[in-house]
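Only one structure is covered here, and it is reproduced in the block below.
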């Protein structure tokens, strides 16, 4: 008698599909240090850092509907926060890091509060102004090294785990941990009732007010979350390079952040991650051919805005559903 | 106590006085219609009642609360809901998502950052109940921008209904609807519980006379006449205002 | 005292330069509700086009033709990109702002590719060379020219808006676009003309600023920040606002640089924040319908 294996029939719903893909993606990401070379691992770290940055921007752009042209200021806060607390004031790293995150969240909330009464265009200009202001202030401050910025950004002491965070592979896994924790938490928050309110504000803020929502509070919350996530990215960025400079707060980083989000697809959760990955990898790849990646990205940006709104994440969805459609026939 | 007490309400824009010395009582449970020629100030009145425009002077009592000058979200939280003359929907979202946002607005879950957005069964039930009430069940998961105008109008009213308000303000709900949609609207309004007071602005006279317990006529920003449908029908000044002084 | 007068003159010159840019942005926003973030890009086009024309011809050739180049480029953008997008019906104001934002990057990158990263310049014309002595320095006649140019642009624009049919259409369109369409006016053609005019002003500012500030690929972005601040402070869509805000910003920047250079890097932004805190819609905001 042959034993018949009962194969459970798993309905390949889109939700299951997403979970499968996520598991595979996380698995692949964890394997990176063991499989790729130093340069590629370093690139991977950069992708994750900018993915966080883009996710932070998208909390405002894709979910709440507000364009911030000054989000690079949080990159700067992340770097300078850690630098000032640990290098200038001698705080231990395990205290300076969470304190910096908190500062980023608070700054986000404050800016959100300041922008409550203004329209979306004024908001765009105001955020740009804030970031230029901060950038200018730090350029002037002698204590933080002026235009040269600060060096000696510390990494955490992981000796108790038996590893050295200055090792490329270990640093990658360190960043990966942050990336996974922040990304999954953000996913939860954006798919909660709170997140649905943000989407409502994006779609029709007036109606939300008429329905009884105190939209101001939600916007402040969105700003704080957005600032927090971008600050995490900024801190990791500073730890990666070892430097905190006013450059990180420049409008070009703000602009490139938006480019990443839009190209990836601003109305999906994974869009910013894909956009950041594409951006970092394409920039590194193009560097061999030409220095002029900006033109290419600008054109791609315009194409996405004009035609292919759903960006890279939409493209991938189309590819996946096309496969399912073919499987059925 | 009256559901709504408007006392000597005034609103002017510069030198132009849009609402002048308006005094009006809306009794609880009534279906009260406000009619009047264009420019009489009906929308301005609605905007003041719902907090979108502060009055220049005067008072508005919603139950025992003075609401003149309050923000719209606070007024809604006190139990007043409004539907808009021009659809104000969440166009990119589905009907279900629209209704859920309305159902969630005064529910404690709206501040939840951890649970899934559809985790609250009482909200989901409210969504389904209101969809059935407004005959929207077939369109639950369709994006609003794909729906016809009539369906969107139904959703517009549904959004106001979902919060089970004490006072429901309907701003020309029948505007642009077909006769069958109008009929559905009439049926819906007549079947609403008496615990919901209804204040209605409309131009469709058949609808007004069919469902109203009381009618107020507004001209040039103040009350011209106020009474039962029969009284208004026979009121000379009202027909003058609508038809002009030299009618048969 | 002389030093103060010198700074007032410098302030006026900077203000008028910014004003020419602000006019263009306000023209486009006021009528079409479009925030043209590529405005800095047309400024760049004007400057670079001017540099090539000046090398092969003269300053005046550049002065006359560069705005045309920028204007035509703007017309092409509006007619073949923005208008089709608008008629598709699903593009929001945010999309247009983002689209033009991408274009800004493309223009800046393109300038870098074509002309490299070196600074270019345009020589002031012979007739305007030299200046008069004040406070120990020479205030160039060229800068006086800029002041008069700005005021002239303002005057021409006022005449255009207030006294011509086109101006009446623009004013009507700002107030209520739909009604203008029902009057049988081809609003699309008007839009192309207005957009081109706005970009032409940007191009004019570009070529005129070149002898003073030089030409480089990123010039569009830096000037865009200042221009955005001006139109927001002045009130979106308001020409009166653009004028006074240009003067406020230009004066502030010049005085800060002269008397308190440490403040200059961030003072302007604090000023912006303060003004918006008191008047969130800007100083001379246009009242739109609440609807």
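First chain written, first letter: the chains are A, B and C, and each begins at residue 1.
The rule is simple: contacts are C-beta pairs under 8 Å (C-beta built on N, C-alpha and C of every residue); 3 or more make two chains touch, one makes a residue touch a chain.
Bear in mind that the values here come from a model prediction, so they are computed numbers and not experimental data.
**Student:** Looking at CA centres, what chain is most distant from subunit C?
**Tutor:** B
**Student:** Skim through the chains and flag the pair connected by the most C-beta pairs in contact.
**Tutor:** By contact count, the leading interface is A-C.
**Student:** Report, in whole Å, the distance between the mean C-alpha point of subunit A and the mean C-alpha point of subunit B.
**Tutor:** Computed from C-alpha means, the inter-chain centre distance equals 43 Å.
**Student:** Please compute the C-alpha centroid of subunit A, do the same for subunit C, then give the distance between them in whole Å.
**Tutor:** Going by mean C-alpha positions, subunit A sits 33 Å from subunit C.
**Student:** Could you list, by residue number, the parts of subunit A that touch subunit B in their complex?
**Tutor:** Against subunit B, the touching part of subunit A is residues 188-189, 191-197, 199-200, 203-204, 206-215.
**Student:** Which positions of subunit C touch subunit A when the two form their complex?
**Tutor:** By the definition above, subunit C touches subunit A via 35, 81, 85, 91, 94-95, 97-99, 101-106, 108-110, 112-113, 221, 225, 228-229, 232, 236, 262, 265-266, 268-270, 272-273, 276-277, 280-282.
**Student:** Considering only the defined contacts, which subunit A positions touch subunit C in the complex?
**Tutor:** That would be residues 65, 67, 114, 117-122, 124-126, 128-130, 132-134, 136-137, 139-140, 251-252, 255, 258-259, 262, 292-299, 301-302, 305-306 of subunit A.
**Student:** Hey, which residues of subunit B end up touching subunit A in the complex?
**Tutor:** 50, 71-73, 76-77, 81-82, 84, 88-93, 97, 100-102, 104-106, 109-117, 120, 159, 163
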